[in-house]
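Below is the structure I would like to discuss, written out as structure tokens.
By written order: A, B, C, D, E, F, G and H. Residues from 1 in each chain.
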């Protein structure tokens, strides 16, 4: 049954295509998505539809809201990822979810992770040390998605041999995340060495003013390399997510 | 031999790992990339390194430059794609390259196309009729890359059933290109229905002012859907290229 | 007498159309609007002219100025609403006005409320939990205007069924306020389901950078849905006010 | 039956709640929305859902597409409005639709108009003579929606008595559209005299540079008057549509 | 002697047109402008050339630098004005200059003031209470220049009678400073009532976002009233200075 | 009688303070401002209130509208100035108004001019030859206001002696208009030599990109000289108007 | 005599330090800079002060103005360079100055050139063929300054070997001009290979939108390479001038 | 041997052109650049390639990373410069590197300095006292490069004689750094007096709003003086680096 609207479920039951138990299960799945009293409508159907559970944007959410969401996802057997989770919230949540892992630089809170076929391989490249928090968020996201994640740090364009001598590492990845501030030139260079997509993440890091990341954002959008697509400023999560999704698709075939 | 620098070639020859004929072939490959007198340095090595031949940006290039490039690529056995090629140039070039195909709306000039394993499947979705020239450029690019390309037109968000009733078509693609002007909301909606990457292409189309595409560009960068990455305004070529590259990678596994 | 200029009042008196008492009353009404020594010129005539008393922008006003304004409005029999009122001021004011209600998330201070005919019905829709403070300001404003206010929270576009299954609630409102940050796509979607005006309120909430609300602002202004008009970034008050005014006008006819 | 999804229709038929004829009628309504071969998916259901037929954005559409759309709407008994329709297209279309009316300044092509209860009354106010094309588009839109439309022209703020002496005309409208370029101050002034919503339309008209309408757009968004909401730059259509929708809702009650 | 270059002074002495004492006096005047060791080159010649002593921008200057400047100006018999002077610096400076006056809201530190012929009359008009710090800076500047300064507060455009009934006060001024945030419409309205120049000062005050004052700045630059010129955002000092300079010029003639 | 509202006129008549003839004259003055059928509401009262007749913005106005306005102003004994008047319109209007003068570079159409007491003196300074059209508009405006106008051309800051050796001419003006594109530095330099206000007019002239005048606009707003106020980009008219108004005020005293 | 003010010249004559002939020569030099009646104040002193004659910005200047300037410079023995000179003007001017050279792509008109010691060597690098007009303007300027100019074309960053294999050519220059549109990454890469200054020139060339050159401008300003300074968008002239000036200084020492 | 790639070194060894010791030395030089475990890839080859060691951007780097870098550079015999080094880090590092010098205003940490031939002479000019921290960073950088550095402070354009009387100091420099906020006009003025390059550094200092340095940045980019190139906002380091590099090149010739 390719459709999950309420009408579809009910008429399938009426036609005898679904048992009452199956209907109950499907309805619980749907209506369990609402945590009453917390202003939260969790989308537990996301994993079926889009391949991954809903990732939770932690900023602005109360501790109670976060706990409710984690509990609902755990009951549904879905691994959880909270981004922009501050350390205080993480410390309290860790008591309830002892198997969780908190990465303070990335500010990600992870409970479990997905499994993946064929060893999807994501490489996260950074231009400089100051880009690390954003890069870490990308790493944590791709790890949560079941990918093998490697990093290549401090290979900014001003020192040309640094990248060239490591180009084989670039060429082994299924997808590359490239995190850079300042002039944001790195994704163009990296993309010229690889045959896989490069997801560029501009950061708001810069000597003098980089206009809060607008300079590298524009630079990356105008990249002369065709295999570069861009996500939001400082959006390490999105960079990791896109690369993770692509790497998983590619690896699935490899598995055979 | 993973490296193609001049030194590597020469010392391999000195070590007896390359015959003189092989060296000659490699050197011709390299130095044939320079079309003397036309201010062009064609990158014939791109296909080996990045998977696809260099795509030619037609705007600002003379007829003579374009012809030289096409000839060099044809001699190297590489299919060609010129974007932003005006009709007058195309008409003349078509006399030299009778097998070429010119798409006037997209302004693309294509000579041959790549082959691909596993039937890579790209879907190009548009919000409205005015986005068509950009969408066509995406289509032509993905076709040139060997993909099967389908389109889904005029499914802007104001008529909600239009997209929902066609969601199965969305879910069959290996990668989606989503072209939209105005408020650029369509990629967020499309991404909520699929488990593959969505490449968003903002267009400079809008009632009143959309600031030459900045409004949908910002909208797409801020998409709440995680599986959306963005390319330049009106960059149908880049959207098609990214989606084509991803679809090919995914399909290759399927083949096996 | 449709005109209230000083000349009109005086010559009406001269013509015997107004008694001296009536003139005194009208003049007091006019000149009582000036609170000497507090740099405030309160517009007590606003309710007659525009349907609602002047709403007070709390930021940058001293406690003494706020108290003076509230007293003047109470004496004139007008309910009061202060926006952007900080908690410290509210605590002190509440001692003088024990019937007042302070909403700390919205930072609104309300003394009394208007009555309305025909049960005007306003619905406030939000994309995510982080938009709540702005949404609450909209709610409090519409409540002060005598409307019945309902909310629909966390129905962002990435989870499509969430909104579709609740579309009947949308269709019952006289006017909708739609509060959203990030890409600001929600008003376009909501507007496609309803036959009433949608007032869109962009918020400065976003992963990475939404340029302090400029991204959703531009998105909403470019909405392909025709029944969307936009107010300032984070201007929950204005969203609630516009929707409240419209809902009251519509409900008034229903009453009859 | 409040839902029109395909499933709902089919199961209603299965339950005997719909006759086969009724199903056929509903299905034709839905599937007649697709004009094969023209890249158009017309939303004939819009009138039921949103109160008005789909308005057609003429720019970028071919003559054939426009003709197809008009024919589909006429067959469905829906009046049509094309905006941004150039004169050449209009001249040809007028041969097929002799009852149509084309307004060259507004560039609107209208076939028929809606009926409305209670004489909805829209007032379109402009600051200067150069704003007229935008104002005319607003007028034509509201007329098509069945409203009585009046205009008040050239009452820019530099000549204060002009507006004050005409304030009674302002106060008689159910909704006001206020079109202004330059500093865009007029909506704030107009809104201080009326108790109905003011829809502000910024125009790209200005001595020196008004940044293609950004200056009045920002001005209107920051209006200190609470009853002002804003639409896109030069979006006369949207201004007229919002005002027409509000006026109709208000007038409907008056009728009763 | 209309020229004051070093060469002119010396050759005038050589020609006997200047006594040695006069030369000494002129040279001291010139070279006393340098406070060695404090990175300050004070322009004591400004009063002769431009009519007013140099006004000191306090921000970023050390206490020692400020004291040195004040002492040099006092010795030269010039009244002093420091803007953006923080309270801590002012408290210490007041010990050395007991006749000084510090205005904490405006953050201005004034020692003495200029005299003026003919009672120059400056009026400072504000839209709302939150604009007061900027308005005070304008007032203090004009007072320092020897003007009679009056204020007209809280006459924002949403309450139209407030300004109209006070228009005679507007018409009595020699120059008007108009301070406004939000949509910045007030200068256009004020300028329509007066026959003197209006200096508009945009402020970074606004509900929601006024883009740190860019919205009223653009609005004022686009004013349809011809007698409006604009100074920098929050530049109360410049508004007061321009108005004070104009008022003094006008009053000088009146005196005669 | 300081007030001119309709009520004031009527009750003055009733009290015997105005003869019927006087009332007729005043009413004609007021109601003659409306040119029926041309969408024009001319403000003939402007000269009394603001010192100068309404200046007509020619762009976007029809020939018929312009002629009507000119006739109304001539009948009222007011000199006329049309800005942005294209040559074709001017040629036709000149037949009806043979005494008019058209300046093709400035695109101004002038009929008559005001008289002024005390020889008001305006100096228009330009940085380069390309700024001339804007400067001419300033000149024509100040001439129309009865000022003596001089120009100082091509004194851009890169050739420092050019300005210094002409500084006496600067110091003789009652008000200076300074027109500059590129980096817009000239007003700061000029203002350092004079004791009168400098009205800065940024132009959209520049090598490479000056962002259509934004660069010099920002530069002028940030001028470190206090006697600089700014008008809109390319707004030669406003620069001339402000300077002319100031010069007239100053000269009036001189006369006495 | 280090100073050239009028006073200095006159008193030197009075002191017998200058003969009357010398004074006459100096005065002619100074006053010959004014071309009466053409609104031009040519700075013939520039060559002495800044090393090079004034370069003439051709846009907006009349043929008569350009001819006057060229004649004045030729009489003073100074070579001339006009930038942004359109072909029609050039054709006419070439009749008067038969030794001139016009470069139509660069739109430069050159009469003579400077001599230079030590063979100053400027290299102009471009990313793509579309940057050629800007690069040519840089070349022509540096040639006029007496430099040996070489070009390196089409070495954009997407084809990494192209630049690396030509790095010796980079390392031989005294100064490098780097012209690039799109993401503007090339100067950062080039600067990593050389020990001389790189002058970066952003161009308004780009697929989709590069915001008229703002994207590469911001990119170049944020370059992580320290030896990159930037000039205006499309300012080939400035790039060539800066590089030419540096190369001449360096070469001068080499000569010795 | 002009090339340093790994292949080149190895094959040179194979050909007997390099001794094993020499290879070891070259390899150590290359691979010693990696500090394992600190996410740092130091470019020790920079000095050979670009003339100067890598300068370290201190912000966002840990104490451990900074110490590692300094140690590696000291072992390689290279002087070090850390910019944006906070005082706490500096205090700890000074214990390990007692010969270091920390400048708290500039926040630079310097260990050693380069030697230079011919006394390269850099002049750093500032407009006002608030620009000092940026100017100091420029000074420290040029000192580290072995230049003689002088400063000229507080010569903003509003006091014209200040700069003119000091113009000989300007003319003695080999390169000028010009630091200015507000309207950024100073570089244009300075450049008109000198025959060497002027490196302009815009600062984010301004009364009211200078848009965080965008106003002077744009002003400097649009400078009408041809010998001005620009670096990033507040980038004192880059200004000093460019000027130091140029001055060294020029002085080297002088030496000979």
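Here, a residue touches a chain if its C-beta (ideal position, glycine included) is under 8 Å from a C-beta of that chain, and two chains touch if they have at least 3 such contacts.
What you see is a predicted model; the values in this text were computed from it and never measured.
The set of chains touching subunit D and also touching subunit E is given as C, F. Under half of the residue numbers found at the subunit F and subunit G interface occur in both copies, marking it as a different-residue contact. Ranking E-G and A-G by contacting C-beta pairs places A-G first. Put simply, subunit C has to spin 180° for its C-alpha atoms to lie on subunit G, with the angle rounded to a multiple of 5.
Taking the options D-E, F-G or A-C in turn, the interface that duplicates B-C in more than half of its contact pairs by residue number is D-E.
Note: centroid distance subunit E to subunit H, computed from Cα atoms, is 39 Å. The distance from the centre of subunit D to the centre of subunit H, with each centre set as the mean of the Cα atoms, comes to 60 Å. Spacing of subunit E relative to subunit F, judged by their CA centroids, is 25 angstrom. Along subunit E, residues 5, 128, 158-159, 191-193, 206-208, 221-222, 231-233, 237-238 each make contact with two or more other chains. Pairs of chains meeting the touch criterion: A-B, A-C, A-D, A-G, A-H, B-C, B-D, B-G, B-H, C-D, C-E, C-F, D-E, D-F, E-F, E-G, E-H, F-G, F-H, G-H.
Interface residues of subunit F facing subunit E in the complex, by the touch rule stated above, are 2, 49-52, 55, 118, 168, 174, 191-197, 199, 217, 221-222, 226-233, 237-238, 241-242, 245-246, 249-256. Residues 128-130, 132, 153-155, 158-159, 161-162, 165, 205-209 of subunit E are the ones touching subunit C in the complex.
In the complex of the two chains, the subunit G residues touching subunit E come out as 3, 5, 7-8, 10-11, 14. Chain contact summary for the complex, subunit D toward subunit E: residues 127-128, 156-160, 164, 182-185, 188-189, 191-193, 206-208, 210-211, 214-216, 218-225. Looking at the complex, you find that subunit B touches subunit G at residues 4-6, 30, 39-41, 43, 45-46, 54, 57, 59-61, 65, 83-84, 204, 212-214, 231-235, 237-238.
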